[in-house]
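So that you can tell them apart, the chains are marked A, B, C and D in the order they are listed, and the count of residues begins at 1 in each.
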Amino acid sequence: MIVNVLAETTGEEIEHIVGIKESELRAHAKGNASRTSIGIVGGERAAQPCTLVSRECKAERTVVEVGDVRIGAEEIVVIAGPCSVESRAQLLTTAHAVKRAGATMLRGGAYKPRTSPYDFQGLGLEALRLLAEAHAETGLPVVTEVLDTEDVDTVAEYADMLQVGARNMQNFALLRRLARTPRPVLLKRGPSATIKEWLLAAEYLLAGGNAQVVLCERGIKSFETEMRNTLDLAAVARVRELSHLPVIVDPSHATGRRSLVPAAAKAALGVGADGLIIEVHPDPDNALSDGPQSLDLAGFARMMQSLHEPLRRIARAADAPARIEDLACLTEYGSMCDLP
Amino acid sequence: MIVNVLAETTGEEIEHIVGIKESELRAHAKGNASRTSIGIVGGERAAQPCTLVSRECKAERTVVEVGDVRIGAEEIVVIAGPCSVESRAQLLTTAHAVKRAGATMLRGGAYKPRTSPYDFQGLGLEALRLLAEAHAETGLPVVTEVLDTEDVDTVAEYADMLQVGARNMQNFALLRRLARTPRPVLLKRGPSATIKEWLLAAEYLLAGGNAQVVLCERGIKSFETEMRNTLDLAAVARVRELSHLPVIVDPSHATGRRSLVPAAAKAALGVGADGLIIEVHPDPDNALSDGPQSLDLAGFARMMQSLHEPLRRIARAADAPARIEDLACLTEYGSMCDLP
Amino acid sequence: MIVNVLAETTGEEIEHIVGIKESELRAHAKGNASRTSIGIVGGERAAQPCTLVSRECKAERTVVEVGDVRIGAEEIVVIAGPCSVESRAQLLTTAHAVKRAGATMLRGGAYKPRTSPYDFQGLGLEALRLLAEAHAETGLPVVTEVLDTEDVDTVAEYADMLQVGARNMQNFALLRRLARTPRPVLLKRGPSATIKEWLLAAEYLLAGGNAQVVLCERGIKSFETEMRNTLDLAAVARVRELSHLPVIVDPSHATGRRSLVPAAAKAALGVGADGLIIEVHPDPDNALSDGPQSLDLAGFARMMQSLHEPLRRIARAADAPARIEDLACLTEYGSMCDLP
Amino acid sequence: MIVNVLAETTGEEIEHIVGIKESELRAHAKGNASRTSIGIVGGERAAQPCTLVSRECKAERTVVEVGDVRIGAEEIVVIAGPCSVESRAQLLTTAHAVKRAGATMLRGGAYKPRTSPYDFQGLGLEALRLLAEAHAETGLPVVTEVLDTEDVDTVAEYADMLQVGARNMQNFALLRRLARTPRPVLLKRGPSATIKEWLLAAEYLLAGGNAQVVLCERGIKSFETEMRNTLDLAAVARVRELSHLPVIVDPSHATGRRSLVPAAAKAALGVGADGLIIEVHPDPDNALSDGPQSLDLAGFARMMQSLHEPLRRIARAADAPARIEDLACLTEYGSMCDLP
């Protein structure tokens, strides 16, 4: 049994909760600012930590609502748009086109994490304003990346969902800050993050009070250089076994090659992903970032057509909204759950 | 332009073929036993090697025939059976069950490559005889692994298709020997083989005269340890762009977890694989090898049911049999083709 | 030729600098907040970016001064101390012991990046105060990690050198903020960062105005799980070829095993590292973090003894202080350098 | 406790050896051709296999004798020579030069494993004869790779030590065949082999009767492409903890860059390697294989000079010859040892 209690809980209260004396079992407490985790090891019980993201804690699958879009529910969600917001015309053209083709959310980078300081770093606030305008025109909820704790409030003002980029997956300062926004969070898997590290990054968000978390597999680093990253689709199936959180797939960053995106997208739906996030640009060859992996408008429409069948999905039972208070292992003292 | 000529071709003949003088272009010849490759670099041409496995050499997709099963054609092929042949009862029970569930070929290990010398090493010849018996009873063509050049003839006598295991993908002595059998070859990708290395391993077979080659993606090594390997499905789509050879997927070895096999199989079909190879055992918990990743008989039947739709596939145009003489880049002097 | 110019430079000025017309050469400008990079491709010149961290830009090796310690100069630097600051006694005991054994700088975590939110997260400000006290008592300059842009000023007040942890190597918001502190920065290599990505992360610091950067190799992720990470010592030699910045090695995080630290440290000196950073704890078995890889006080003293010979190093010529204005490729317009 | 017994041992004898009844403990036997391994799990004992390569089985370090060269003893061994034997002049020139510079063994490829079938595949038997001639002229014992079980006897006739190349590390047919030669074996680590897999490959040799095994770390595959492979020097230290077998390092294949070889070699000695294997060619720019990583004759001599100090090593106690019968865990029934 693992019990996670709030920091202010006293040792006496803890003894009351778990109903056991220290003489019988060894209880080890490690404190942090907001929560204390107590591993109680005794008898036959395993030492594996029980977490808020786990299915032990919540058996029903979580549905995250972004505006009127429900991620993790019956419908497969398709998020599309340019890597970077480059101009008003580029964004609005793309937004209208992807909506027509069937996308239900819009993506677009305002603050861009770039390997080199000499690469285009994004239009910042101007891009946020354009995203809000595109939202107003098309009705598509908007997701965009936030890089800095200092930008969280500003980005949350303009965007419907905040993205943590792959390279920031273990930027714990940012995760702690995002745990306190009212916005849902899209948490990309780090390029070298194990499934366990990824889920524990999500745990920072839930433990801090934000249960509206969507995971995103976008490829990991391996020795293979033919594609930009190695798309780890089995991880999507495994994460769905381990966690109640929705998982979507980014075939654009995973493959880095436009020609592979439709096949990878179809595979993602086959493995059980709750949605896709796709880079689309009206003129990929002249994109300021990620051109080689961006579909053009016609290419995106064709892909959506080819995914017509897989995108229809049988209604799944037992979905549940993303409310912190619904987590079964959360008691008045913190979280608590038995492990098998 | 790259020209691969047979070893006996003289320098004069080469000059005749390519119709150019050395003063204009630099021609560099590297000889080996059976073939000479000449890279001619000049003007704007790329130095990328043209190979018999490439689509530059043969645009139509290859169909490999194993008995009456056609791999790479309209029908998706499902190969199923135990990791190791353990007994007559185990093999025949499995063979009948997988046939009933829809499999069209039988797998079963006779010679097992095992990490430890103290693990079960396979029944050898006895297993080959049981596989032949299972073939006779069910009509399912049989594929089994060969580990040693000295065993090639024996295995080819009993089995319909010979498998090169992942750890032997760059066992060039074995590849050269298999290039001279009349049997089709199933070439598994090495755990750390790049796509290029994999295709060049297949090139050993084609260059040696055996065009009946089926590739098999079975997961690669990465930092992630949650699954046994990292299933690289985007590689399947990429290989289909680069090569005319059929590609199948092994979700059992890739994931190492029975529970993930059906989802990974469905994803494999989504990405465009020509078939699946699945480990099935009547009693996985007591299997002598690979139990945790083997489906039981009922589990395999359920998976086949769930794959019913994806397994039907629209007839594809432009397929062609695996005949060495059909390779467009093969001339009387060797292979020849222009690169874009 | 690559020219990096400040953002305010006009197109006309750029034409003046490079002295060529657009009709002859293609000049492509990508702007960002503070600098514009212009790749001029023509004739035989390569398109490889010229960077401030490169030896093309500064042939002499850089020496970074932290208090009176000079990193990158004749003396090998040994930084030692606990993973986390846990208490006054723990820190001061360790600080005095490592100084006695020959360490010249003190390390100690105040803000800890932890995979799980339930693990010990560091004592924060209290730890910073203890580090300052240890510095006052022992004279050892102090390095500690900063996680959040909002903490940079506070940490810079107490510590002599600021560390960017491996998981934050591509936290570009943090890098941009640290480029504006007067403190030297220790930049750890990300667990899956290529050498090129690592150097470009350092470039964010130099391009932003902070030339006092020390690189630290601490192991990368691979399929091998026997050690915590895979120590990439050849990368140290390669980085020394490519860059003028000093490089040190962290054998504690790289191996994750106390018993391997001395051998790995000796190897690091063999490959040409400018220093070591070693985790030392008075009671490793009860450490709140990284116990298994921490040496105890006696173990550290023994290791220092065994390194006695390698730690003496022949004076190297051509070292130079870390002054932005000394970078040869930096002109009044920005940075400029020819590539071979 | 793990007991490995010969295959013919009966169940009754086994019960006699371990002196326990099945009612008390669970004994699970897995047979193979030559040996049976029995894991006896009970009480507090761990299930980790005890192997002949382990230090539990033999605490003293093994010394492997190749002619009059002793690998694993006081002297550091330096093996040097060309990647491929290309001609009599090339080999003899190199052999004399590396001997003069201090090398004590000669390397040279006769059968070359090449990624592409169109690359130079080695001179075969002719190369073996030249190696024997070089040995006769210089007295340097010779090591060369064997690719095929069918070539083992021929290669063993000409060479003093047989090499298993990295890509054949898990070619179990080859390992089993080499276990029956009287020659010592140099076993390279596979590009994606874990330490455990590497040691179990060596176990095939010892379990088959050949105790004269030297391990060779030559770099593993990772995401990093700046070097040809990622040299894993900490693995050398770890293998020396786990096994009594000597370990040498190949900095040429590991780095793939001539300029990095001397630094990597020095690091290898720092970490405790028993020797080095270095590619040397009189004219690297025109080498038929591995030119970029080959030192020229003068470069090798310079490197040997720079390694002068590290190459002298204090005599180590407790070395022991590589005799199968000295393995403490080997009883009349097979191998047996207790684990801690």
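In this section, a residue touches a chain if its C-beta (ideal position, glycine included) is under 8 Å from a C-beta of that chain, and two chains touch if they have at least 3 such contacts.
In this text, all values refer to a predicted model and were calculated from it rather than measured experimentally.
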Call it same or different for chain A and chain B: same when shared residue numbers make up over half of all numbers used at their interface.
same
Please identify the chain with the largest separation between its CA centroid and the CA centroid of chain B.
C
CA centroid of chain B to CA centroid of chain D, Å:
31
As a quick test, compute the distance in whole Å between the mean CA positions of chain A and chain D.
46
Taking the mean of the CA coordinates per chain, how far is chain A from chain B in Å?
36
Among the residues of chain C, which are close enough to touch at least two other chains?
192, 196, 221-223, 225
Name, in rising order, each residue of chain A that touches chain C in their complex.
4, 30-33, 35-37, 49, 113-121, 147-151, 167-168, 170-173, 190-192, 196-197, 200, 203-204, 207-208, 221, 288
Residues of chain D that touch chain A when the two form their complex:
192, 221-223, 225
Can you name the residues of chain B that touch chain A in the complex?
192, 194-196, 220-227, 230-238, 241, 251, 254-255, 257, 259-260, 263-264, 266-272, 309-310
